[in-house]
């Protein structure tokens, strides 16, 4: 009996201490999961501006924007798919390439407007096929978009013959592609516009709300009377349209288009989304985070190039960052419980 | 439920069968038994601009020569190409045309072919010297030589003055990229050590990427410290030149060389922005691969190494008809 | 009852000594000490969130106490499920804990496959599984994947798994939640049989009658602390309830309100679906219709088919609101026409646990909370607060994640989100399963207020007192058909069960 | 004497067989395989006359797929196999002594697997993401180690010899593939640890409570996939006589596709080695068939994609889902199929 008494006296005290310490660590992790990316990005930029010679130059800022814009535009769109708990859309690769080729090739022979119309139709077809298969057939997004990637690249190369297409020098596309406002290229403004627009859609509209809920619990959301299949379809349509615009930006920037232009952008965009701290478990996620992730990756790559560090190390860095970002998220989730 | 499943399964299987049917009938049309059966194992096809313009002349010439050609594309994956090679050997063609995805990995393929008594001709980029004896002949540009040729232009421009240059390479790990770089680097080291590389980055054969990395290299090295640029192909050099312009730098005074003489590069030479490029004719490349195959099959005499002349294109000959760009 | 003299003197098999467990900052169990003797059936009761399950998981070695210790036969219990099993402690969880794609035999032997050199000895495995099933007297095909068994049978597979380990202590957490009275009877007798052979049983339940029927001693937990431990003779249901809720509260048996049914709101005709065979059903405004029957009789399937949650192969459903009849073809049709559904599986189907209470409440109401697709962010909070107050959510903080709330309060949130739509036809499936007494009473009050406001309510419940207490009319379902209709007047437990079991009440061995 | 009995779902042995058949996940893969085989027999018998080559291709895709199966069965995914293959190959080629090289390669694979598992179980990251990170990191590492260039084996002839048929027409690669598939099949069906993979994938919480060492199982799984990927890398390097830092680019997606066509469920708990092998056979035969038929590259790709797409949307669950969707949009429809029908506990005649 007595020993129980002493224990009852002793243990809770000890326990209190441990939780106090645990509490501190927990709050730190929580905090870094919530704010981490904001701070890290800020620190990275400041540090680079101070230590990396030439980083802060106007020209270089433009280069960072050029890096960020295309993958960023894909990423803000693909955030919807990620938040819906469907991992990613691999088929952005053929989609970006297709829209780029269409923009240059079609506008060369029929003019800009027809090109945009055709590209839009194609991207809607992509969005429909992916969205219906995943949303209505409840098929796994990775596999579905893998299949549409195979098909899409096949069709693109079959139709385009794999040729590289050039727009006329000084043509509308070329001019827009090189258009700059101070250090800010048009493509960056497009990214900002897309981010603001889609950020609003995700956080402020009924659709975005339903999507977030769906990401958190599919069944409960359906039983709340939400047309979940349609929500998923919506997510894929948004991704497709973003991919199309990314294709336009790429094509305009180089005034050329070829079926290989978008290689690796699928995982590239996903990496940015994850590094931004969006949760692939559904639940937490925002366009702002995606944009930060994109900025972070672009700045980092830019720094690595400026400091003449090889391509291999760039890949290593991105890989490590992904794991790091998600580890923090996971730990936060853990202590949150 | 079970029945429903069966139905669907049957339906889908029929569909699969149908696709196979359509696919094959599309291709079985051409093949006649009198023709020579030849396999061409390529690392690229319509997935790359060069391959796109390489294939038609290859197939066309083959057709003229009465060759029944089967083409594979390993997308620069040496394992896939090795497997393609096994398939080709098993298909017992009269000859195999090989474009190595990775030169150092094709020896086994060559050995198998030899064992099976199938002659192998190499196209576009040659095998390693020690593997030469396993091949019948080579036709194509010497990708190493192209790098060297481009370096020669550079050396000529530098005229012994100390020159710092930027290098924009092709896709990381890609053989052509590696050879062209090696050819260039070795040659400047040998012929004009006054030319030094200030920085290099991969441009992934893409104009956009090239423009960005060039601009970034200019920033890191400092534009004033750069007197020249070598890009491993015309698409990328176009990007590099745009990068200069975007920074308000006039490309004309800089020494800029490249490889390809494509529809993108040729005008740049004409305009004087690109000082010189090395003509690589995908048409020549493709058609010679087929011709060489035919010569061997029909026992005609043939040269063991048919090198595509590494024609240097600069302001003097840029307008000539025989260097008209092909893609 | 069993032979007291034996158990009073019997040695203590397992004891928790001032155990403490925290999650995040919250202390779920605050220094609780209990001890169980050999061969006794030890009852443990308390409201949801009182810490019962946490305490159980500590006794079963699934949680390691932050302070204090668990001792088995005097020796401290090493952490980890494996060592607990080795020490002879087996637990049957509230939620089913089976591997759907594995066979019955494999599930029973899960974690303790007999092996030679790493290879499983399937003969031996099936033999042990078979004998275990015989021991508890249940016949199930050993090679049937569990995914194809009824809920009740799965529960018995769970129990078989525990028994198969020949445990000294068997911990049962709400084992009868998904069982019919017949099966419950059977289970309780089985437990007494096992206890008779010297096995100790720790029995957790909300159902006081069961406690009084089999337990020799009972402990009451409240807010993570031990309130009292009593011999069963020394207490009464009312006493226990008071100790559980910590305040005077009459068991929820208020006088039956006068049912004044209005026009037919829901009319279902010839509903046919897997497990449902052409059922006709009407529910009137201001009426609570109860669906009685055994688990697996097809009640859940019926309501889901009516609402269009699961597809129906035949049948027609119309909802009539203010004289206007609408044909219901899909679940969203139903919701659009004033239907509300509180599903059986609250956590997996009722709530988005990672989202806030406000978001969960706003979800079905997002149309009215947005203008042309754009959310009115400000109004969501106030809207949610108002409804949270109406269902007496505790604590009434709508910015917290629903996952942090107890079962009872989570269920209130599920109801609250529908109240916002002023539903005309409300379907509740096991509305108070795993809900503590206080919350149960409040939920019942909410239902009555809904009906008084003219809604038509359809309730599925396996909790007979609840069913009898709530319903104005009870339809008894068996094998996917309605086998009887009982008015409030005629309905009593016996009548319902006789119909439900089709006269052939399951008899124990 | 029993008192509670199961009311049998499928009455009659035939129904029962159907029921079991319907439950097998490999069904659709098998049908596809039959279709491909028939198609090949009709249009491109060369696929079979050239079977050594066909087997070679199948082994190329299949090896990695086998390893992945172990991981996917536990509801996890391993994207890093592609670059694991590359890194281990490079490491092997960098070591002059062949035997040491191979051992080093395998160790690399096991380490990578362990690291993946660590992040998945200990840190608790979604494996798709964790291994995505490793995919990037290891690819970079391979490039760094190899200085972005192919690394040639010290002794080329060993490699050439290794690629030669060993028993009859079977090359070591094919033999290793066969041994591995038999081994893994036995492991997953007959051995306790392997069987418990299904438990870990089917219901992890339950597996934990039942005293199954879930963490150890997941480590085992990832180390299997890592090790197998490394083995594939070693074999490739040997057969090619050189390691390429960019290797494996086409392997990852192909092997996932093979497993999926084989009917494995990415949610875990459902699937089998046999299924994966069936998927691999179907995919390999299709690729070779199209190649031999000299089908244009682009069209081949479209084929593979279409087959994969059909495979994934004809999943019974998918069909049920879309059927429900259609029904709700068209009003009442036929054959609702949310089987199995729950059985009610009732005494039936003694068995």
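Chains here go by letter, A, B, C and D, matching the order in which they are written, and residues are numbered from 1 within each.
Please note the rule applied: contacts are C-beta pairs under 8 Å (C-beta built on N, C-alpha and C of every residue); 3 or more make two chains touch, one makes a residue touch a chain.
Only a predicted model underlies this, so the values are computations on that prediction, with no experimental measurement involved.
Q: With centres defined as the mean of C-alpha atoms, identify the chain lying farthest from chain A.
A: C
Q: In terms of C-beta pairs in contact, which of B-D and A-B ranks higher?
A: Comparing B-D with A-B, the pair joined by more C-beta contacts is B-D.
Q: Between chain B and chain D, what's the gap in Å when you average each chain's C-alpha atoms?
A: Centre separation, chain B to chain D: 34 Å.
Q: Measuring centre to centre with CA averages, how many angstrom lie between chain B and chain C?
A: 69
Q: Suppose each chain is reduced to the average of its Cα coordinates; what separation in Å results between chain A and chain B?
A: Between these chains, centre-to-centre, one finds 33 Å.
Q: Please tell me the distance, in whole Å, between the geometric centres of chain A and chain D computed from their C-alpha atoms.
A: 28
Q: Chain B: which residues touch two or more other chains?
A: 45-47, 172
Q: Could you say which residues in chain A touch two or more other chains, in rising order?
A: 153, 157-158, 281, 311-312, in rising order.
Q: Could you check chain D for residues that touch two or more other chains and list them?
A: 143, 148, 245, 296-300, 306, 319, 335, 337, 339
Q: Throw together a list of every chain pair that touches.
A: A-B, A-C, A-D, B-D, C-D
Q: Can you list the residues on chain C that touch chain D in the complex?
A: By the definition above, chain C touches chain D via 60, 62, 80-82, 85, 91, 93, 97-102, 106, 110-113, 115, 118-120, 134, 137-141, 144-145, 147-153, 156, 161, 180, 183, 186, 273-275, 294, 296-298, 301, 308, 310-316, 327, 329-333, 478-479, 502, 504, 506-509.
Q: Would you tell me which residues of chain D are touching chain B in their complex?
A: Touch residues, chain D against chain B: 18-19, 21-22, 27-28, 31-32, 34-36, 38-40, 42-44, 46, 49-54, 56-57, 60, 143, 148-150, 152, 156, 159-160, 163, 236, 239-242, 244-251, 286, 288-300, 303, 306-307, 310-311, 314, 316, 319, 335, 337, 339.
Q: Considering the complex alone, what residue numbers of chain A touch chain D?
A: It is residues 87, 133, 136-140, 142-144, 146-155, 157-158, 229, 267, 270-271, 274, 280-281, 310-323, 326-327, 329-331, 333-334 of chain A that touch chain D.
Q: Can you list the residues on chain A that touch chain C in the complex?
A: 4, 7-8, 10-12, 14-15, 18-19, 23, 26, 204-207, 209-210, 212-213, 216-217, 219-227, 281-284, 335-337
Q: For chain B, which residues count as touching chain D in their complex?
A: Against chain D, the touching part of chain B is residues 1-2, 4-5, 8-10, 12-17, 19-21, 23-28, 31, 45-47, 69-73, 75-80, 82-84, 86-91, 102-108, 111-112, 172-175, 178.
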